[in-house]
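Some structures to go through are shown next.
Look for chain A in each of the two complexes below; its partner is chain B in the first and chain C in the second.
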Partner chain A sequence: MASAKKSDVNLENAMVMADPALADWLVAAPLILGFIFGAICLMQRKNVLLQTRIALFGLLLMLIADIGLFINVWQNGTVVMTMGRWLPPFGITFAADMLGATFALVAGIVGLAGGIYALSDVDSTSRRYGFYPFLLLMLAGVTTAFLTGDIFNLYVWFEVLLISSFGLIVLGSERRQLDGAIKYAFLNLVATTLFLIGVAYLYGVFGTLNMADIARKAPALQEAEGPHFAIAIMFLFAFAMKAAAFPLNAWLPASYHTPRIAVSAVFAGLLTKVGVYALLRIFLTMFPADRDELGAVIAIIAALTMLVGALGALAQTDIRRVLGYLVISGIGLMLAGLALGSETGISGSIFYAAHSMIVMTALYLLAGIIGRLMGTFDLHKAGGLYQASPWLGALCLVLAFSVSGLPPFSGLWPKVLLVKGSIDVGAWWLAAAIIVSGFLTTIAMVRVFSFSFWRTRAEGLVEIGPISREGRIKLYAALGLTALTVIAGVYPEPFIQVSDRVAFELTHPQTYIDAVFGGNQEGGGQ
Partner chain B sequence: MEVAIAILTGVFFLVSIYLILSRHIIRVLLGVAMLGNGVNLTIFTAGRITREIPPIIGDDATVPLEGIANPLPQALVLTAIVIAFSFFAFLLVLVFRTYQELGTDDTAEMRDAEPEGEASPPLGY
Partner chain C sequence: MRTLIFRTVAPYFTSLMLIYSVFVLLRGHNEPGGGFIGGLIAASALAIYGVACGVSPVRRAIRFHPMAIAGFGLFMAAIAGVMSIFVDVPFLTGLWIYPKVFGVELKLSTTLIFDIGVYLVVLGSITSTALALEERERD
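What follows is the complex of A and B.
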């Protein structure tokens, strides 16, 4: 087939000839593991017990791969792998910098916790209908979205995680679920389609889809013609919708309380944060100049998001819906760092994002436990838990303090960084919004605590029994995540070091560009 | 050629936004399908439209000819079509199941997840 002439071509100009180092394969490992184990689980979906074991093993392996990747990136800097050996920007690049590796690691933890919790939360019918395959595929999609270095590829991973999440949200097919799923599905699909429109224009202007290549060419095109700013706005709109930032947040409180609690928990931990990740990547690595222009707009969105989220949480009677609004409030804080654009601010955002992924998941898991014990999620009927299980009360209080940003838990430090960053640039109103939203969150969460734990059980309701043996598994998952927030709160030094380094890399996009193109600065693009 | 297709794309977006703004979920679904096709046309046009020279490297050459058609947008559109089709299929079933279960296709009447007139949270006990 291939003509003999081909051998005359010097392939080194166009291709990566060296085999990638073994450790570099870790960039692709979460994807490969997620898909392989997802496929095996799908084949074994009728054998519920075996399928569950395979899935948990797969989730554990993914977490180990994420840890390995994180250590590798921490020690050796950005790890790059290009598919099909084509030199960037021609091959699809996977590039794990500190931002991607950190988010992937936390996503791995959240995924495993969700998988363990589901052992006693998701019934065998739902498992036969594919809970674990969907979870594995969604986690693979989320993790790879954090690691890819190609913007069209990012779109593909968005769609992978979206279609898997559709499968998860309708498991059970209750009326509420279908209603929630309709809103979730349509609004998210419109958001990803808007993202794709942005990608189309981006390709029309830059002629490339490689993120590092775009970042490299963006300064030169800044003054040139081309709808550069319009593309940035399009991305802001699309990803703000995915992240559920105000005023595009309607889909989240309409849907997050409807599926199984394990599903809600994983969604709260992972999905909105992918939107935040994409915003950070696009506005800090690719279009830093547009971020400077849009900073004030993003700051207003951030302040409104955190306040609306916290106020929304105050107005809810269903515990799960209180948490849904708190997810939105947290998104506002992450956007605040992006709005500031300073290293302190971005560092705060990253730390807060990791904190929020862990704590929001833990809170949903906890809500599942207390909801099951009380037989209701309604605050009107809640009560009597303190007598049944004081330790559960301690757990709830720790998480309530953590999500509100009270010491000594992990919510405090990122907020300190963000407030400091705001005051440094004179944005006192942003600092005030952060503090007020924290105050409102405290009220909302302490109300949940006092109504479910301190209030005596109403007459005529069934007595609360002890936590069953299967229920303990749920407790372990929530406890594991809570331990992390306590550690990060009491000893924040290493966590701040990581987020500072992420912020440094993000504010110096040249490191990312250099890592992707290696020594081959002139290569490609011609 | 680009101008003509750009106008056509505009019409696609116009129709799809009009449909998405409807209260009836089936029209929204059709609007989303139209939107996907509009985006595909956008990608296709963004890659510049030339048709004279196919992007094939002959047996006796090592580089393609000057001014070939751009093959990349076609690969992108193909990916997007597959994704959009699978989403359409899923949403069609979801909409149908919802219609069966809730007995309405009017979004304003779908209030199962967020019931109207919910009681305010308790203020004390």
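What follows is the complex of A and C.
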């Protein structure tokens, strides 16, 4: 692997005096915009209408910045900016490679969709208690976690997004919300603590927290054995917990169905994926050798996560809980690519992660719409929706097919890549797990569909009215996301191109190191 | 808690602590101190006032909602970082100016603006929590 090559960096300059290009600011833009608009919203807490407009404008600007960053990275390679003019290992570096830029872009889309949906889902009391500021700050935290190039800084953004998510999950202060919030908060804090301890050990061993610097020094320390492997395991444990991988998945279905749907949707789209991102970054950029050793373990975790998630989804009667288990099942698929470590596998993982962020958010939004129409999320009491709104049924079916990985929607292609990657290395059982979990997901989703749409409405339940004018906004948010999954399914070529490029960069960490250290390298390089 | 002595002394305490918090904030660039600890001192000053004289006088005295103060602090800190875009240096680079006021050279920087932002964020968020807790106690 390319990272085995030793590269020297001249650290005598200490500061970078070259002027950063204006485009480099895009790497910090989501953070700046999120914080500035979040702060303005906080100042306008009484004026709910104005606050909402400002927040949506901020979300839109963040998405535009994400798009700009993505285009910039696609054309010019990794964008790097080190805060306060310091040279990379001393200052805090933000480095957007294709992985970070892609995830940031999808996060921007999900955030905007959640913000639009919330227009008719989140009442003005919750808005006064800070729905939009929390959403903006959480999105800033998530996006910057994808873009930072410093592992302690990654911890900071984890904290930012966690604290904002605590705020979001208790909005409304119902009893079951507090119950869900406590489980969510406690288990996440345990994982964060482990992560922090891991970072402390890492600093003790490497004397640096810059990801590129660690990646540069890792091969030399690999031979020294020592606590290196233990640190890797600690990170695996911490982030597997954050990503809700089996057997650390219990917190997710226990908490994701309690908050408002807009909040659940954004959580399902973003939060677990930050854990997956951290795993990819740590095990592919920083410790590729440890990944090679842990590959089998990660593969087993991945297979079990997919199956447990899909089986759990089958057993639930609350639509939102079904979706919670499907989020877990998706995490298994993303881990499968990490376990394979081949470019095909990683490419499949990246594509699947982007697909899952979009589709899971859309599914939660859809669940919110049909739950509102039926007056319940309980499948036992569901039914009769098809007569009320056949188009909604079509939307539900599209998303159900997409999440199960059936053609012609976006779930299919990443699964093809992952199955191909598994068979290439002879891991037939992993391929089987992917296919079986897809099959189980299909059953779980068809169950939701047939219970809530095809079954005639039982006697004595409230009549299903048409979607209100306000409710249309919700539908637009869900439709927008669904359109993306259809496009990615019918015309996957550019999407696969992107994920292939991400996979190439991840399997060649030297490109990341070179980009971060830029002109200060001597002798190293490619 | 609302004894006569405490109620008489608390306003003086509060004003002294607020002045001291500003001193700690300004001292912070080169010596121990800074926005965070200054903000904590200021927040405890308001908390003492709240314990002694009740929460509504505090809310009246600070005019703005504590969360709005915190929001303004966050805004200031972010703006302080962004200023470096105008002189072509990376985000959060400290920029300095040295104006002479009455013959004394003042060292002003974006770092100071950032630190005042931190001061306000800490002041606002801790005060908000403290006042909420003090309000509950009376119910």
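Here is the rule we use: the second predicted complex is superposed on the first by the 508 of 526 C-alpha atoms of A that agree within 3 Å, B and C clash if a C-alpha of one lies under 4 Å from a C-alpha of the other, contacts with A are read in each partner's own complex, and residues count from 1 in each chain.
In this section, contacts are C-beta pairs under 8 Å (C-beta built on N, C-alpha and C of every residue); 3 or more make two chains touch, one makes a residue touch a chain.
Just so it is clear, the structure is predicted and the values come from calculations on it, not from any experiment.
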First (chain B), second (chain C), both or neither touched by A:230: neither
Partner chain in contact with A:221 - chain B first, chain C second, else both or neither: neither
Touching partner for A:133 - first (chain B), second (chain C), both, neither: second
Partner chain(s) touched by A:50 [first = chain B, second = chain C, both, neither]: neither
Which of chain B and chain C A:28 touches, first, second, both or neither: second
Greater chain A contact set [chain C / chain B]: B
Residues on chain A lying within both footprints (that of chain B and that of chain C): none
Contacting residues of chain C [partner chain A, same complex]: 65, 67-68, 70-75, 77-79, 81-82, 85, 88-94
Complex contacts: residues of chain A adjacent to chain C: 16, 19-20, 22, 24-25, 28, 32, 35-36, 38-43, 45-46, 81-85, 94, 130, 133
In the complex, chain B residues that touch chain A: 20, 25, 28, 32, 35-36, 39, 42-43, 45-48, 59-60, 62, 72-73, 76, 79-80, 83, 86-87, 90-91, 94-95, 97-98, 101-102, 107, 110-114, 118-122, 125
Residues of chain A defined as touching chain B within the complex: 3, 5-6, 8-9, 152, 156, 159, 162-163, 166, 170, 173, 175-183, 185-186, 189-190, 193, 196-197, 199-201, 203-204, 253-255, 257-258, 314-317, 379-380, 383, 447, 451, 455
